[in-house]
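Each of the next two complexes has chain A plus one other chain: chain B in the first, chain C in the second.
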Partner chain A sequence: MTIPVRRFDAVIVGGGGAGLRAALQLSESGLKTAVLSKVFPTRSHTVAAQGGISASLGNVQEDRWEWHMFDTVKGSDWLGDQDAIEFMCRKAPEAVIELEHFGMPFDRLENGKIYQRPFGGHTQNEGEAPVQRACAAADRTGHAMLHTLYQRNVRANTQFFIEWMALDLIRDEDGDVVGVTALEMETGEVYNFHAKGVLFATGGAGRIYAASTNAFINTGDGLGMSVRAGIPLEDMEFWQFHPTGVAGAGVLITEGVRGEGGILLNANGERFMERYAPNLKDLAPRDFVARSMEQEVLEGRGCGPNKDHVLLKLDHLGPDIIKQRLPGIREIAIKFAGVDPIKEPIPVIPTCHYMMGGIPTNYRGEVVIPKGDNPEARVNGFYAAGECACASVHGANRLGTNSLLDLVVFGKSAGDSMVEFIKNEMPTWKPLPANAGQISLDRIARLDNQTGGEEVADVRAAMQRTVQARAAVFRNSENLALGVKEIQEVAERVKRTQIKDKSKVFNTARVEALELENLIEVAVATLISADARKESRGAHAHADFQQRDDEVWMKHTLYYGEDRRLTYKPVHTKPLSVEYIAPKVRTF
Partner chain B sequence: MTDFDPIELKRIRWRSRRGLLELDLVLERFLANGFEQLTTAELFAYQKCLDLGDNDFLDYVNGKAEVDDPELAHIIGILRAA
Partner chain C sequence: MKTARFSIYRYDPDKDAKPYMQDYEVELSPTDVKLLDVIVKLKAMDDTLSFRRSCREGICGSDAMNINGKNGLACVTNVADLKQPIELRPLPGLPVIRDLIVDMTQFFKQYHSIKPYVINDTPPPERERLQSPEDREELDGLYECILCACCSTSCPSFWWNPDKFVGPAGLLAAYRFIADTRDLATNERLDNLEDPYRLFRCHTIMNCVDVCPKGLNPTKAIGKIKDLMVKRAV
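Here is the complex of A and B:
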């Protein structure tokens, strides 16, 4: 069967902040550029980013990019690559001012400059005092960024393929990337997009966890496609969590609830934080509270029929305080937990928020993988940016407001690298291999012909339960080893999923089955990478190895899907222009 | 159910996937329970909701913002109850 071919200079997969910023760079340079997106670009998950975008503009207080760089290195727990971190922090002011010139409606000071608010982890002079570094557009910064970039792209003639799902990366016999295979949802037809360069900006994969703040579209499609094409994934053991999401939903309950006097209870009605943190109790640091909660669940003191969550009690505060000081919390609890917190406690669980790992890239947005003696050889024609990429600026933990910055800085950088590559090295297209797209057709045919298989929703739930139980915030050797075994059993079940609806047009069931094949690659990578790292660093807190071990473990994990093996590569300790920031114990 | 184009109905189901988790949760519940009872007029109104930006849509559904458009007020009322 021949697959129809569409040909572009550059193809971008994903229409969120990073994809749109990269596309703009390409289209404005005159290259024929396509953006493929499962949903309308302004409804990408970037829309959920409220906090702001960090840049050392110094509009409110004195600030320097070097201080921003220090905070980011420290936040990363010294797993971030210092060249990439320097690049991002130095470029930040320029990136924000550029967005302003594009028309993004930032909040302003009376003098007309962009207003900046404080945000956790951002400081002056290496931790001396908090600094106001976050630029925001009310509580809709991500939304404003998407609209601004989308409009610019329309003007620059970027060609959008909306409601298209990329299925597989096309590599030729040299290993170079020459295109991507994609499904048009409206017709169910499969096309090969032939390109001189392909960029993945497919976002996160938080849906591998049962408790996640991520929208349903965040299924790690770029990561799944990379693994199937033989590209390793970097640092997949590092996921950022928030302690109190509504169990079974993922919607966050602000930490302000505990600040106002809300307390956490286990199945025995015990205020268990008194045991873990006798002084700070429920106001202990975020990660500590989350681990304590999960330990209660693992030791059988969880609540509910599945004993899988704890309770956040606030009825003792009285209706007036709940209504006045915690606006919106009651509505969230009623809508998403089905309880009125004036009368009953809210079921809560540590909830996955952000993926620090991803497709390995350098600060130019080029995908780099080990080849011979070189741990970071460029994969010709392949680029990644945003949450799906690992540059690595967030290392073992991300600072708030650095994610939107990551999108625009590395989206633009990757776009520039692609322009350079296409104009200088690619006078014409490399031919598509004869079997281009076959793997995608085989995957669809398997789904259409599967008999006696399992429901996608059931297998997805099994995956999410496993990852939540074994690789969330409380990690120890025994639990992780069990998780490695269990997730590989779930992966076998993914190979036999079945869909009832075999129609072609807007077949959501088929899309969800294909998405699950991406999620499971991420889930297996997460468990295997986490099981191997015998230390605690950033978001990877290992109960049996509680210290950071720079001697042995200051290195990036690389996971290969074909044989589920791991290798490692060094952290970049050489910044571009400044001195190396040497590791210190992280205290706050 | 109505005589609404069945392909259009499938498109509507896909477009109920949003950028915000809160909307995903509300619309998932609604698609499983309530969606199939919509009249043709309500389906047109729901389609119009799907063209809203996610933040505005969520503010309507949460009751944080008043719905000025009379065409939308009724269907948003259904979603608020979902």
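Here is the complex of A and C:
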């Protein structure tokens, strides 16, 4: 069966913050560009980001990008690549100013400049005191940013393929990326997109966990496609648990609440973060706060009848601040926790939120993999940006507000790299391999013909239970070893999933089955990578190896799907222009 | 409440000659709070049931549908508040692709028609364009739109003239840019709406205000555009 071909200079997969920012670079360059998204772009999960986007604008207090860089390196627990971190923090002010010029409705200070609030781990002068670095549009910063970027793409006449799900990456015999196979959801038709360059901006995969702040669509599609195409995944053991998910519902409550002065209380009414982080208190980085909360619960000081959560108190901020700066979380608390935070505290628990790992890239957004002696050889024609990519700026733990920044800085950078590559190195298209798209057709045919298999929802739930139980905030050798065994058993079940819906038209059962094939790659990568790392660093807190071990473990994990093996590559210790920030003990 | 009974609009053009209503009954567990929780559960029982969903917290705008006769988002609707059997239909007035999934092309075409981006051709300053907190406050109640289409598809004027009347969502967006001190195209924007249909088909029925899941008020924004038109004419 021949698959119809559509040909573009560049194809972007994903219409969230990173994909849309990259699309602007490509549209402006005049290259023929397609943006594929499985949802209408403003439904991408960037829309749910709340608290802010960081940049050392210094609108409220003195700030410097070097301080932002220090905080990000320390926040990453020295697993972040310092060249990429310098690049991001230096570019942050111009990236935010650009969003403002695009029309983003930031909150304002009395002098008309962009409003900035404090956020976890962001400090003045290398840890002295919290600094107001998070540029905010109330507590809807992601919504404001995503809509602004979409609107700017409307202006630029970007060509969108909406509700098209990318299925597989197409690599030729040289290993170069020459396109992507995609499913038009409305018709069920499969097409090959032939391209000189492909950018993945497919977002996160938090749905491998049973409780997650992530949207249903966060199924790691870019990661699944990469693994199936022989591209390794980097640092997949590092998953961020956001301290304040609504207990039971999983919905996010921004760290901006604590930035505005909210505090965490245990069952005794004690502001316990003062004990764990005497200096930054409730504004310590997320991994630190999440562990402290879990510790309180483990030691019996949890709240509620089951003593299983803590309370986020903000009524002392007063109704005016809450209504003006935090209207969205008030709405969420009322709808999902049944409490009005003007009067009552919000019950919260650490909830899976963000994937620090992903497709290995450099700060130019180029996908890089080991080849011979080179640990980071460029994969020609392949780019990644945003949560699906690992640049690595977040290392073992991301600071709040650095993700929105990551999207626009690396979306733009990857877009620029693609334009350069396509214009300078790719006068014409490399041919599609003869079997291009066959793997996708086989996957769909398997689903169409499968009988006697298991339901997608059941297998997905089994995967989520396993990851939730075995790769949580606190980990240990026994649990991880069990997790590795169990998740590989679930992976076998994924091969036999069955759907009853055989319709060609908008077949969401098929989409969910295909998504599960991506999720399971991420879940297996997570457990195998986590099981191997015998230290504690950032979000990987290992009970049997409680110290960070820079001697042995200051290195990035690379997971290969075909034989489920791991290799490692060094952390970039050489920034672009400044001095190396050497590892220190991480206290706050 | 132990169970929930549903009557749901079904249509798959691949196999159905015409749409029909299908009954479902499902047992509720304590975690089945929102309507979306329950229809996700229904989908686990019958995977052919088709609807859009994503963020499940009322910010992405995917799961708009007609719930017991009123447009709303399934993810922020409490199932316990709904009269049974719960009747679910696709958003009215747009072509149905399948089940609860409508073709939103016309809706987005109208949104695009108002040029939904800041127009300002002056060279951008090195830093941010300044805006006072009071001027910024003018955008509150406007920029928060999630493009779910609950409003436009509850508007009789939009039902009759989806190709000519911009509709409440598009007009709310139009006023969002008119109200922005950084936008310099107010006149051009008013010209774009000066037409018997594009703006003036709004007859202040106010269904849009009634259904907006974000508590926004498109009718008020439309009134402000009309005021500006009048002022300009004098």
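Just so it is clear, the second predicted complex is superposed on the first by the 482 of 588 C-alpha atoms of A that agree within 3 Å, B and C clash if a C-alpha of one lies under 4 Å from a C-alpha of the other, contacts with A are read in each partner's own complex, and residues count from 1 in each chain.
In the analysis below, a residue touches a chain if its C-beta (ideal position, glycine included) is under 8 Å from a C-beta of that chain, and two chains touch if they have at least 3 such contacts.
What you see is a predicted model; the values in this text were computed from it and never measured.
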- Query: Here chain A is shared; do chain B and chain C fit on it together or clash?
  - Reply: clash
- Regarding the shared-chain residue A:537, is it in contact with chain B (first), chain C (second), both, or neither? neither
- Message: Quick one: is A:100 in contact with chain B, with chain C, with both, or with neither? Answer first, second, both or neither.
- Response: second
- Item | Partner contacting more residues of chain A (chain B vs chain C) | C
- Could you tell me if A:215 is touching chain B, chain C, both of them or neither one (first, second, both, neither)? both
- Item | Touched partner set for A:353, first chain B, second chain C, both or neither | neither
- Message: After the superposition on A, what does A:456 contact: first (chain B), second (chain C), both or neither?
- Response: second
- Examine A:313 and indicate which partner it touches, taking first as chain B and second as chain C; both and neither are also allowed. neither
- Message: One more residue to check, A:90. First (chain B), second (chain C), both or neither?
- Response: neither
- Contacts of A:39 with chain B and chain C, given as first, second, both or neither: both
- Among 23-31, 131-139, 167-175 or 203-211, chain B is struck only by the chain C stretch 203-211
- Query: In the superposed view, which residues of chain A touch chain B and also chain C?
  - Reply: 39-40, 42-45, 47-48, 140, 143, 147, 186, 215-217, 249, 251, 328, 331, 335-336, 505-508
- Item | chain C residues touching chain A - in the complex, by the definition given at the top | 12-15, 31, 33, 43-44, 46-48, 50-62, 76, 97-98, 101, 104, 108, 112, 115-118, 124, 126-133, 135-136, 139, 143-144, 146-147, 177, 180, 182-183
- Residue ranges of chain B in contact with chain A within the complex: 7, 10-11, 13-15, 17-22, 24-26, 28, 53-55, 62-64
- Query: For the complex, which residues does chain A have touching chain C?
  - Reply: 39-40, 42-45, 47-48, 97, 100-103, 105-114, 137, 140, 143-144, 147, 151-152, 154-155, 186, 215-217, 248-249, 251-252, 328, 331-332, 335-336, 455-458, 499-501, 503-509, 512
- chain A residues within the chain B interface of the complex: 38-40, 42-48, 140, 143, 147, 163, 185-186, 212-217, 249-251, 328, 331, 335-336, 505-508, 511
